[in-house]
Structure formats: C-alpha cells, structure tokens
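The same subunit A turns up in both complexes below, where it pairs with subunit B and then with subunit C.
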Partner chain A sequence: MPVSVDTYEGGDALIAADANAAYTAIAAETAILDDENTRSEWCSREHISQAGNATFNLNFAQVEDSNTTQVINSTTFTQVNLVPAFRIAYGGLVLQPGEVLRCHFDINVVAATILNPNATARYLANDASDCYQFRFFFRNFVSGVVAGFGPTATYSTTNKGVVNPPQTLEIVNRIGQRCSLHNCFLNATNASISFDWIEVRARVCDTAYLPSVSIKEGTFQVFRALH
Partner chain B sequence: MARQYTQRAFIGGNLANADDWNSEMNSSVSELNGQLDQNNMPLSTVDDSKVADPVLDVELDTTVVSRYLVAHSYMPSQSYHVSSLVDDDPTDLTFETSTWAPDDWFLGWQRMAQKRLTPNFGTNYFAGAEVQFDAKEGMLVGEMLIDASWRQTFRTVSVSDGEDPPEITLLTKARNDEFVEFGVFCNDVCVARSDLQWLGGRFTYVLPFSTPIGSTNCIVDIRFRLIFQNGKEVATVLVAYNASFIVYDSSIFVRNQYR
Partner chain C sequence: MPFTVPVVFTAATAVSATSLQTNHTALRKYINHGIIKADILPVSVTTTDIVRGEYANVVRDHQFTTGDILTQFVEVDLFSQSYATSHFKAFDLFSLKTEAVPNMSKRVIMERDGTIFISAGMAAIGDLNYQLLNQKKASGVYLQISLNDRVIATDYIAATYGRAYTEDNVATDVDTSGNTTTHGIYSRRWYAQRYWRTFSKGDIVNIALVVDPRSDKMHVTARNLNLEVFYR
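Then we have the complex of A and B:
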C-alpha cells in the first residue's frame, strides 16, 4: 500500500516524534508490500521459488509398469493393477476453484478372449457388447465417496454391428490395441475438492461376448496446474 | 527502479534543512509507492501463496461432475479451457450420442459441433466439440478425446451360377473399406490429425496438438473425415445396411501458455 510521510516548510521545527513517524511508516510498509508498491512485470524467472512445490504446476506423479499382465474379466470397473496398482494417493490434495488436475493414461491390450462369433448371435446386443472400457475414479477425502470422473475410453474387439445380417459374416477381430485416456479435470465449482486418491479402472462390457482382455505395459500420470 | 543513494547526508552539528529532508524522504517514499522492480525484490521468493488465484468462468455445467461442461480458468501464467460431453455412467445405454447416418456423410472435414449442439436455454454450447476463448500470445497445447463407433457395413446380393436354369444363391458381403480421420482445428487451421484409421468397430482416440497463437479470439474444435467407397455390385443388391457413425464421450482441453 502507498506510504505517506509529512513534508516540511522552511522554518518548521523538526519534531523528533514526526521524524520517527516517517521512519516507522517506511519500516512498516516494507513488510507489507503489495501490488501498489511494485512496478508491472517486476517478477522475473529468478524471483520465482524453486524450493519445494513448484509455483505453477505441481504434484507430478507417475505410475508405470511393463512386465506384469493383468486379466480384466468383470463387468464392474476394476482397478488396473500391474503391480504396482495404478493409483496415485494424495491423502487430501485440495483442488481450489479454477485449479486443474490433468490425468493421462495409456496401456496395451495384448490379448482378448472373444467368443466364437458363430456360436453367439451374429450381431451385438448393443454397441458396447464386444467392448472394454477404461475410466478414472477418485475418492473424495472429505466425504469418502468414490466416483468415476471424466470421459470413458471404449474399445471394441470385433467389427460386429448391432443389426443382424441375413447370413453369417466374416468377423474381423481386433485384439492388440494401444489404449489412451485423458481427463482435464477443472474444478468448475465454487468450493474446493479434496482428493484422497485417483486411480484407473477397467472393465469388459458384456462377458457373453467378451469374457476377458489382458492388459500390460501402462503408464499413468497426474499433475496439477495451479497458476 | 534501482537502489537510491543519499544525496545530502546530515552531518552532526548542521541544521536540518527542510528541502533536504523532504528530498531524502520523498526519494525513498516514491520508490516504495509503485516503483519497486526486479532490482529491489529478493530472488527465489515468489511461491504459490504470492501468485493470484485462477479466475473461473463456467459457461455450462449441467452437473457437479459435468455431464456437459464448458469452462475456462484464467491463471497468471496460463489458462485452461475445457469442453466435454461425458457419460457419468458408462453402463447407461440411453446416454446421448451424436449420430451421422449415411445421408449425413460427405467427403472432407466435418465439424463435430454441427451435431453436438448441447443447447441450454436457447444457446448452443457445443460441449465436447469445440471451445471458444480469448487467447493471449503464446502457445496452445491440448488434447482431444473421442469415443466413436462405425460398425461393419454389409450388402446381401443374389448370385447366379450362370447355368440354365440359373441357381440363385444369396450372399451377404461384409464391407471393410471404411476409414475415419480425426483432426483438431484452431481458427479453421488444422493443427493435428490422426491419419486414416480403420474404425471397424468402436474406438477411442486421444489426439494431442500444439500451435503458436497470437492474442486473438480463438475457436478450437474437433473435426473428422469419413472415407467410404460405394463400390458397385454386379449382382442385384437385396439388402444394404450402412452402419451410422456414432460419437459417444468426447472432450477437448486447451492450455494457453502465455509468452
């Protein structure tokens, strides 16, 4: 905030108390400098603290594994666990309104058990029946509620349609697949959100068509944009 | 401003001249009143607590976890812009999709926003298809995600063996010649493309992009090309089925890193 001190005219008596008040005002102000005291663009890169958490982006965390294979065979979303588990624990990371948490995940699907297309219907019950999915889940540190958030990545293993062809068609299976998922979670509420953990989960959509898929070689990264 | 030096020091026994006093004090005070700059401020001291909080601008947010979300966050060094249309419950088969039936197909880039209108109180927000904002000079980096389905197309034709009398058999032929390409456009300029992908089912694509940008109003949107070949059948086509191109979840986020 601005500093104000008395000025004197020629012949004025310089009172000790007035002189001391001026020094005191300056001393007090230098401890509470704010935007009114500084010039625009005063801050250079050298002025920014590099100690501890970074100032603009922080909490970069990563999980990766390339050796372990996990079989996903449930229609319920199950934690991706390639030992280590694809979970990043925070224990109360507070995301203020307007702050951003960016999550990125990708993984290989290396095998799939697809039921013989001639042994089942030639068409799918719905557009997701031969699919597997990935999604991010988080646990609210305050409420304890676990919920999915962000988009779901869905991948099919065949080219079957949902319309029954008059005759049997040659079905093309597509098993090996690099799968990706992102979520740029922007806290668009007026309240802070506290994250206990974030993890990646996977499921198969319909075991009547797709009993299981095997996943391997994944990476999962999360970081937070503050300023 | 650089450090200020004492112009007239008071020496023991002298009278304190009012002009000298005023000059010295005003020199220091004017420095404090808005002239402090990088020469005065200590290094490595600006941390999280000294930087302004983000300014949030939510255009559309239908739920807390955002089934439709178009929002912006303006930060001191960067800004984030998010547009997403997301199914909160992936097992919900009634979730809104955007469908391009065969009559909607044409060659060239198609804007996803043309069908992903997401109107709210009379205004279209194009959630999950595009995002508009005022960019500052610097870089745009981001990613789009799209969960799309284009299933197998087939034709059933009658085939004659050429004998007399001819024996007619029905044959259903799969057509696996459909390709799709996804792209990200910034003010109508393509800044990322996926190249042609054989869709042949349902897949999710994540496409990163980056581009330099000036200080300007900016629209970043998702587009796609549908490549299909209507090969002619010599035999009579009895049944023709063309699977529609369907879009489920989609999202796009843009980070504007200021120069």
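Then we have the complex of A and C:
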C-alpha cells in the first residue's frame, strides 16, 4: 500500500504533526514487514550456501552388476550379492524427521527351477508357492537391530488364473522377468533414524515347488531426499 | 523488522535540520539496506520460498524430494506402437546392436554439477516373425547414456539389460522365456529400470532407451520416461 506524502511549498509553516505523519505512516505500513515478507520462490540455488549441512541432496549411492548370476534357494531372505553385494553402507546416515529415503532396485530373474507342475493348486494366482520375493532391509546404526522395511515385491514363476476355465490350461513358466522394488521411506517419527546399511534381500517362498531362481543384471540405488 | 522513526517531533519544539536529516537518513538506509540479513531468521527459509522448476512443462514436485523433472513422457495408449527390426544388422539378426526407441530419449545440458536420476518403463514385445527357429532370440532392452555429441555403440549399460521375448506360436523355448506352450502371449514381460549418474557442469548428456532387436519385427508400447535432475 503506498504511503501518502505531504508536499510543502515555500512559506508553509512546518507543523510537527505533519512532519511526523509521513514517518508514522511509513512505520505503520512496514509493521508487517518481517522475515516472512518475502515473495514466494524468491530463493534460488544461488542464494543458498552448501557449506556445512548441505541443503541440496548430495547423498546418492548405487550398486550395479551385469556379469554374475546368483542362485536364490532359501525361504529365508538372503542378501542379493552379485559381487558386489547389493548393500550400501553408511555407518550412521541420519534421517531426520520428515526426510525421505528413496530406494530402487531392478533385476532379472533369468532362470527358475520349478517342480511338481501337476500340483495345480500351488500355481494359482492366490498361492505363493511358485513365487519369489524381494525386500529392503536395514541395520539401525544405534541399536544394531536389522529389520525389513517397505513393501515386499512378489513375483510368480507361473501364469495361471484363480478360476479354471472349462479347458485345462497348461502351467506356463515365466522367467526372464525384469523385477523391480521401490520404496520411499518417510521418517514420520519425531526422532532421527540412523542407518548403518541398507541392502536388498531375496528368497523363494516354497522350495517344494520352487527350489531356486537365478538372478542377474541388477541395479540398486538409494538416496536421501532432504525435505 | 519494521521501520522505526529515530526522532519524533513534538509540538512547540523547533524542528531542527539535524533531526529532520536524521529521519531522512534512517529512512534511506532502511529502504536501501535496512532490511538486513538478520531479519531473515535462521530456518525461516521454507520449501515454499525456494524457486521451483525452472523449465517449461515442469511438474512442480519439490526438487529436494524428486529433483527438477526435465522430461516426463507417458504413453499409455496400447495401440501407439513403435516397431524395430533386426534387419538393420549387417551380418546376422542377433548380434548386439541397438537402436533408440522413439520418444524415449532426451538430451540434457547440465547447468551445474549434478545427478540425473532416470526412471523408465515399457513393454517390448517380439512379434510373430519369419526368421529361422534358432534365430528367434530374446531381444534386449537397455538404458543408454552418451556424453557430448558422440554416441557410440557401447554406451548401453549392461546392468540395465531387460529381455523381450518373441510371441511366436512355437512350443520350443528357443528364446529361454520359460514358455514352452504355443500361447505366445505368455512371453510378454514388462521392462522397468531406474538408474542415476553424476555429471559435471557443461556436460551434454544424451539419455535413451534402446532395443537390441533379435527378431524380424518387434514393437514397443506403453512407454514412460522420467528424468529427475538434482543440481548441487
């Protein structure tokens, strides 16, 4: 809002009230001027120092391999290890409340050993016996506790619907699938979380029907997204 | 910090030039430099203060969470298909040579040092074709990153290899898809890939999804490509 200004001409008497008015008006109009009185989006990268605690995200990590084939044959989650291991070590990466950790994992399942194909029920879409899974795990740097987090990606090695049509469908094996697992881990607590490491693990669900799968050509990325 | 008047005049008191000048000087300093650094308190800069995407057609997600999104291409029309063939290979149909998928490439010139995070996905499908049975190989899908104006055949990233199988109506699993039925449609696989790489200011980065067709004819559909750039 513009501030009104009195104008004087030669010979006018200078009255204190008039002299004060201009300054008083300015003071009144600037009363709302404070640290919030900056327009939206006034700040660009050039205004922000990256010294000390970096404002912009600089924390990227990635593991990849295209040569090694790993056989997953356990129903217990086992570390994906294509030499290098798909583990990103931090030794105490602090995730503050409100910060996000993004994890992405892609890999091929290039072969599978599938048994008992006549046990049709085990290959229905609602049965996990023919499936393999991937999940992220992390070790808490403070407590030492290792725990899984985020969703579990489940893939089926066969392709058969829940309801049998009139004709008998063959059980169709499905390998060569590019598998993906993603998670945006938001620290929604009031306390920071310290990561020692994060890794990808895999397992088969039932060795009686799916003794093993072979995985190859994978990538694994983790980065912290500042809020 | 609001402006504070140094001298307040009172009635029946002479207004001196010095007092008047004091007020003028204070006001001039306030307007010019009086809004000082300390007025912007620590941690007062919030996400809404910071400039968002600087490019046309930018999706305005916050750059700290997702990076500036330079390109987003999403094609969900299953009838919008792009075809590729292995016949561009000089000596055989199955050596590893790639060609770019239409609409799935982007050139980025880095304004500052930064990291590009790439997310891509598509359905790549080998169609029924006429080549010999022993040449019905699984086609490859790769992410390819080239620097500057030179694109070379080895720019594809081996760890991003995905497989696209043929839908030939044969019971022989020649392409190692696991499918030994005559239902070729069971050979469909979805390809999805994330990847990042760090670049320097001034780098000219060409990012593309490429296929290595190993069949007479293959097609690509349902494509999406998303680049997030995290400048430093």
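Going forward, the second predicted complex is superposed on the first by the 158 of 227 C-alpha atoms of A that agree within 3 Å, B and C clash if a C-alpha of one lies under 4 Å from a C-alpha of the other, contacts with A are read in each partner's own complex, and residues count from 1 in each chain.
By definition in this document, a residue touches a chain if its C-beta (ideal position, glycine included) is under 8 Å from a C-beta of that chain, and two chains touch if they have at least 3 such contacts.
Keep in mind the model is a prediction, meaning the values are calculated, not measured.
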Contacts for A:A27 in the overlay, against subunit B (first) and subunit C (second): which applies, first, second, both or neither? second
Touched partner set for A:V100, first subunit B, second subunit C, both or neither
both
Mind working out whether A:N108 is in touch with subunit B, subunit C, both or neither, as first, second, both or neither? second
Next on the checklist: Touch test for A:T189: subunit B only (first), subunit C only (second), both, or neither?
Outcome noted: first
Of the two partners subunit B and subunit C, more of subunit A gets touched by chain B
**Asked** Looking at the overlay, what does A:D127 touch: subunit B (first), subunit C (second), both, or neither?
**Response** first
Looking at A:N140, would you say it contacts subunit B, subunit C, both, or neither? Reply first, second, both or neither. neither
**OP:** Identify the partner contact of A:E64: answer first if only subunit B is touched, second if only subunit C is, both if each is, neither if none is.
**Re:** second
Go through the superposed model and pick first if A:V172 touches only subunit B, second if only subunit C, both, or neither. both
Request  = Considering only touches as defined above, state whether A:G148 meets subunit B (first), subunit C (second), both or neither.
outcome  = first
Footprint intersection on subunit A (subunit B / subunit C) at 14, 26, 30, 33, 36, 38, 42-44, 48, 50, 55-56, 58, 100, 106, 157, 159, 170, 172, 174, 177, 180, 182, 225-227
Residue set of subunit C touching subunit A in the complex reads 1-5, 8-13, 15, 20, 23, 27, 30, 35, 39-41, 44-45, 47-52, 63-67, 112, 115, 117, 138, 141, 157-163, 165, 176-181, 183, 186, 189-196, 198, 230-232
The residues of subunit A that touch subunit C in their complex are 14-17, 19-20, 23-24, 26-27, 30-36, 38, 40-45, 48, 50, 55-58, 60, 62, 64-67, 100, 104, 106, 108, 110-112, 157, 159, 170, 172-178, 180, 182, 217-219, 221, 223, 225-227
Seen from subunit A, its contact residues with subunit B in the complex are 2-5, 7-12, 14, 22, 26, 29-30, 33, 36-39, 42-44, 46-53, 55-56, 58, 96-100, 102, 106, 126-128, 130-131, 133, 135, 147-163, 165-170, 172, 174, 177, 179-184, 186-190, 205, 225-227
Residue positions on subunit B within touch of subunit A in the complex are 1, 16-19, 21-22, 25-26, 28-29, 32-38, 41-48, 51-56, 58, 61, 64-66, 69, 71, 73-78, 80, 82, 84, 86-88, 90-91, 93, 142-143, 145, 147, 149, 151-154, 156, 170-172, 174, 176, 200-206, 239, 241, 243, 246, 248-251, 253, 255
